[in-house]
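One chain, chain A, links the two complexes that follow: it is found with chain B in the first and with chain C in the second.
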Partner chain A sequence: MTKQLHKVCRELLESGKVQVIIGYGQKDRGQPPHPVFITSPEEVEGLVWNDQCVANLTTYLTRKEIRALGKPAIIVKGCDARAIVVLQRESQIDRSAMVVIGMACNGVGEPRLAKCAACDAHVPAHVDITIGEAVSEPVDPERRYNDLNVFMTQSTDERMDYWQDELERCVRCYACRQVCPLCYCERCVADKNRPVRFSTAPTLKGNYAWHITRAFHLAGRCIGCDECTRACPAGINLRLLNLSVARAAENAFGYRAGLDPEAEPVIGSFSTQDKESFIK
Partner chain B sequence: MARIGVFICWCGENISRHVDVEKLAEQCAHLPGVRCCLTYKYMCSEPGQNLIREKIREERLNGMVVASCSPHMHLKTFRKAAEAEGLNPYLVEMANIREHCSWVHHDVKAATAKAADLIRMAVAKVRRNHALSPIRVPLTKRALVIGGGVAGIQAALDIADAGHEVVLVEREPSIGGKMAGLSETFPTLDCSQCILTPRMVEVGQHPNIRLYTYSDVEAVEGYVGNFSVTIRKRARYVDISKCTGCGACWNACPNKKTPSEFDFGMGKRSAIYVPFPQAVPARPVIDANACTMLTKGKCGLCAKKCAAGAINFKDQDELITEKVGAIVVATGYKLWDIGKEQENAKLAGYGEYGYGTYKDVINSLQFERLVSASGPTGGELRRPSDGAVPKTVVFISCVGSRDNAKGMSYCSKICCMYNAKHTMLYKHKVHDGQAHVFYMDIRAGGKNYDEFVRRAIEQDGAQYHRGRVSKITEENGKLIVRGVDTLAGEPVTIEADLVVLATAMRPADGVETLAQKLNVGYDEYGFLSESHPKLRPVETNAAGVFVCGACQGPKDIPESVAQASAAAGKVQVMFSREEITREPEIASIDERMCAACFTCVRACPYNAIERAEIRDRAGRLIKRTARVNPGLCMGCGTCVAVCPSKSAELEGFTEQQVYAMVESLG
Partner chain C sequence: MSTIIGGQVLRDMVNDWIGDGKRVGGPGYVGNHLILYRWLHRSDELLLESYPRPHNSIKEFLFPSHEKLYHYKIDGQHIELSEAVLPDAQQIIFAARPCDAASLPILDHVFNWDYRDVFYNRRRSLTTVVTLACQDHDAHCFCTSVGGGPDDERGSDAMLFALGQDQYEVRCFTDKGKALFEGKLEESTRVGKVGPGPERRLDLETVREFLKTDFESPLWERQTLRCIGCGACAYNCPTCHCFDITDEKVGSAGVRMRSWDSCQMAMFTVHASGHNPRSRQPQRQRQRIYHKFEIYPSKFGEILCTGCGNCSRVCPVGLGITPVLTAIQEEQAARAGTGAAQEAGREKVDQ
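Now for the complex of A and B:
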């Protein structure tokens, strides 16, 4: 697969179809792969593909510095590809001005990431070039929410205690925001200072406000790449919050983010068919 | 520096009874930024306003709070007073210490404390107010009227007579609507066509009215004062500029078997037809589904007979764009088709009455055609099944109206009156006949209305039974009507020759799609929503769109006409100015911060936000952004709520103001 990847990327750069390849590089097998931005055909040998390629590179698509490099080709897994669909739907990228290279994937991470257990996108959808082969099997939707279901068996008090312990650790470094491909605002609401909407100090109160706001802003948008959870230096289990809003969108509107580039996003759109059962 | 005046109103005893206004004034005088604090018995009275003006002058106030009633009542009053003294009206805030406080809290101590909180919030807000000036948008002084029934005709004529151009769009081949098909009208029994057709002719000849019949409103773009409306002129297959309306074509047409829409299926018409002799325009259309030339390519007799050469079998739909500044919706009603099949699972229909199964069970509009001089029987009352003159006729009220279980919960309002009229018309035509009416209540409020119903009962001998009909069956050519007379407390069975159902009035087909195009609200039944049921009865929440007639709710002719003139009046008020001024309390987008996710574009209920691009002088794209169209924005604030980065702001209710209000409570 890596050889084929090199060939494809070399052709793309040589033909001038793209000016930059956003992909994975790796110093040696023991170290985690890191993002690389390849601009010349000679450098394509530096690209790697293996089951340690955890990062979701789509977050770089909206970065000014990367945009300045020219028309990109990007290497994605099935889960990452969904972020491109959302970015496209939210007018953040010009899909026709990029090449998306999808890698067939049987799961990443050592041990395997939680999201991989219920993956139904081993073969990426809505990509331009697919490399490798894998079988995408339909997954029982509830399996995607396994962690959440287990968590929800606890009492309200227990869950409150859990979040208190988790969120107390947050130092407000905003790594979760930086790594998220869908946190692309020019100025995050957390940085707005007239008025200050919630405390920016790493206190429990401000931390609650930040993490609830972050989760709400991703409602019906989060594609479940779990990069925020991976990036968090305090190890806060943000995945649970994301799963919770994702399930709300799926249950109330039958909507999963990033599956269909034509679908109306749930937030800010209205249909007379919408369920009203949650209005009390 | 803030120099704010606080003016506390007693509202007679309305406020002062439960709020200690003097103590309140003492407290509020010390709020930061407050320069003076006064109380007065009636702040809205002239001496009260003068007091305010005096203080603005003396204390050189740069903001003020009036603590009194709801801003709905008197915000305008106080803003005008401030403006007269040179203070920008948008630097005036109100604290509602009446509806929100003294009327609902009767503990003086607690009510006074709450009033102080409300004033503190208003002061915190007004300190962050900006001077605003009204928004001006250009205005096209032309109106679109949708629907050419009596309401649309009245509205169009009123606006046209005032000297403005009107575009009148009618779906049917002729204007006239339901009223053109009525026989005589209550409570005067004057002939419906005789009073309507002169108005129709006036529309047809009016130099200021552009009439599109057999046409639909396809799309509406733009905003108040500047609408761009696409009209689909459906293929008529007759060139009306050549046609003289001589009638050779419809006389020649061999296919005369199509049920006439105008006669509600009581009569037949040809494939090329004018709906009725007085039609405006008096030009035929070809029914493409019935004409054998159009379906099978055979016949063409009408074209051969047409001396003017007006028939064009290759005619196509045409799309026309008209620019207008105001829109009047007058799409009217239909009678509910109460047969077994219903479009909506919530509606059960009234299969037990056999409508659609028994030929002699008809609805009230069909009855109108049977007794109309221009109707299919020439005004002689003959029943549909065998043409016999019915000797016993049963009229049933409230079929589908006032029925929460399987119909509409509202009263259709006009049926009590037309049922009485029908019994009279029947008696005048069939002297030895007997009319029966089953009713729930007789609702005859209106000038000369109750007298009219009494006349039907006392002079024309109609028998009224207070009760419902449970079932109608057919036996030996008779309709057996089984009902109950709840006043006599006994069941009633009548062997009738004809049964007339006063079915519920419902909005015309397609009104919901039209409402969506116009951004006008509608209720669960599809009736269009007015802006305020009492004080803004013909305005809608879409600026520049007005409603009149039965599309807004069940109405009789006088009411529809009055409402049409009211809507026309509102249009003329709009057109009396050179441009439109609008309240400046609308949204704006911080284009530097907007991330162009366009969630606001989707969420805006008024389609007031558009996608825009910012380019440099060389035309290179710098960034995309959402942008508010000030002509369309109604200041609802939905965009502020949905914007993830909070780059949307509502003038007069900025986030800083709202946060300051909340924080002032802490």
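Now for the complex of A and C:
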């Protein structure tokens, strides 16, 4: 797959179809691959693809430093590709001004990431070029919510205690936000200081405000790549919050973010038939 | 001759300290995999050995992530200020790593420079640091490249050396350390050893040479473009010490707070006019390196880095200090001519 990837990328750069490849490089074999930006055909050998390519590179599509490099080709896994669908639907990118290279993927991370156990995107959708082969099979929706279901078997008090312990550790480094392809706001509500919208200090109160706000802003938009959870240095399982809002969107509106480029975003549309049962 | 102590006695001491109302901070598990320094409730939360180091630093114990500076009340034209309560509990940082302890004498400079920081200094005087010498290290550790090592004594009041079979040699360096272990130690002939520590792989002279001349080098752009501008590196770094000051007001009363901040965040340098002198991420990365290896040493005579490697350990995109310094070194080697570059290459092979 890597050979084919090199070939495709070399052609894209040589023909001038794109000016930069956003991909994975790995200078040190002992360390996981990291994002690289390849701008000349001679450098494409530096691109790698393996089952440690965990980062979701689509977060770079909206960054001004990367945009300045010119028209991109971006390497994505099936789960990552969904972010591109959302970004396009939210008018953040011009989909026709980029080449999306999808890598068939059987799972990444050591140990395998939780999301991979219930993946139905082994073959990336809505990409321009697919490299490799894999089989994507439909997954029982409940399986996607396994971790949430296990969590929800606890009592309300136990869950409250859990979040208290977890959120107390949040230091507001915003790695979760910076790594997220859909947290593209120029000025995040957490950074508003004239006036301050909610406590910017990592107090328990401020942290609750931050995480509830973050989860709601990503409701029906989070594509479940779990990058926030991977990035969090405090080991907070943000995945549980994301799963919870994703299930609300799926149950109430039959909507999953990033699957269908034509679908009306659940946050950006309404219907008189909408269920209101989740409003309590 | 040496002095030793049994692991059970140590754990009992920790429980006694906590029982006496002292605060004890040390490394322990968070969930199943992550090891962080935290305030301990019981000694069985403590995790002493068989891992390189926690993913955060001890600075939280002296310079917490958020702190009240003072309270205020506004009543028309009248403003009433009241001091925040200063910490007064004795605290013991237990089983810190040498690269954490070493950060304290480094931080002392900046917290006692143009202003004597009452909060930091108060906690510093209330704190005793018991370090555990390192047996293990990982690929991110580079203490030996910045003047430290697995038994570096800087900043420690006492140091433990694992002897195996739940026994530790104890070396007390200061009166605080001696007082802590008074009457608890046994005489012995056993002397603790440390692990070999990471290989020395950075030459700071070379790095500083580059910093003197290459503020505008394309290397910054090339090497740091992938940085996403979070605070993970700075907030888990034992030596990063920047903070932001905000008001938290409810109605007419509130508190003035300070919270950690990071030069990697875009907001860090935004002026009131909206202008941002460091508008691009590579400029912010360059700032972090300059502050640590050029500005701080010029001002205070010490590098603002202990080589703990946490910045790389926690970085979501595989950056942090070492990849950048390594790139600088490679650039310098290439400049020194092919001959010198080959020499360096040969050395690498030899090692």
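Please note the rule applied: the second predicted complex is superposed on the first by the 276 of 280 C-alpha atoms of A that agree within 3 Å, B and C clash if a C-alpha of one lies under 4 Å from a C-alpha of the other, contacts with A are read in each partner's own complex, and residues count from 1 in each chain.
Rule of thumb we're sticking to: a residue touches a chain if its C-beta (ideal position, glycine included) is under 8 Å from a C-beta of that chain, and two chains touch if they have at least 3 such contacts.
As the structure is a prediction and not an experimental result, all values here were calculated from the model.
Engineer: Which of the two partners, first being chain B and second being chain C, lies in contact with A:178: first, second, both, or neither?
Structural biologist: Once the two structures are laid over each other on A, A:178 reaches chain C alone.
Engineer: Contacts for A:117 in the overlay, against chain B (first) and chain C (second): which applies, first, second, both or neither?
Structural biologist: neither
Engineer: Between chain B (first) and chain C (second), which does A:150 come into contact with in this model arrangement: first, second, both, or neither?
Structural biologist: Neither chain B nor chain C is touched by A:150.
Engineer: If you stack the two complexes on chain A, which partner ends up touching A:264: first (chain B), second (chain C), both, or neither?
Structural biologist: After superposing on A, A:264 lies in contact with chain B but is clear of chain C.
Engineer: Between chain C and chain B, which one touches more residues of chain A when both complexes sit on the common chain A?
Structural biologist: After superposing on chain A, more of chain A is contacted by C.
Engineer: Starting from the residues of chain A touching chain B, keep only those that also touch chain C in the other complex, and list them.
Structural biologist: In chain A, nothing is touched by chain B and also by chain C.
Engineer: Under the stated contact criterion, what part of chain B meets chain A in this complex?
Structural biologist: 592-600, 602-603, 611, 624, 642, 644-647, 655-656, 659-660
Engineer: Give every residue of chain A touching chain C within the complex, in rising order.
Structural biologist: 27-28, 30-37, 55, 59-60, 63-66, 169, 171-175, 177-179, 191, 193, 196, 199-203, 206, 227, 230-231, 233-235, 237
Engineer: Under the touch definition given earlier, write down the residues of chain A that touch chain B in their complex.
Structural biologist: Touch list, chain A to chain B: 90-92, 184-189, 192, 194-195, 197, 217, 264-265, 267-270.
Engineer: Could you pull out which chain C residues touch chain A in their complex?
Structural biologist: 30-31, 33-34, 36, 55-56, 65-66, 139, 225-226, 228-232, 234-236, 244, 246-248, 257, 259-260, 262, 265, 267, 280-282, 314, 316-319, 323
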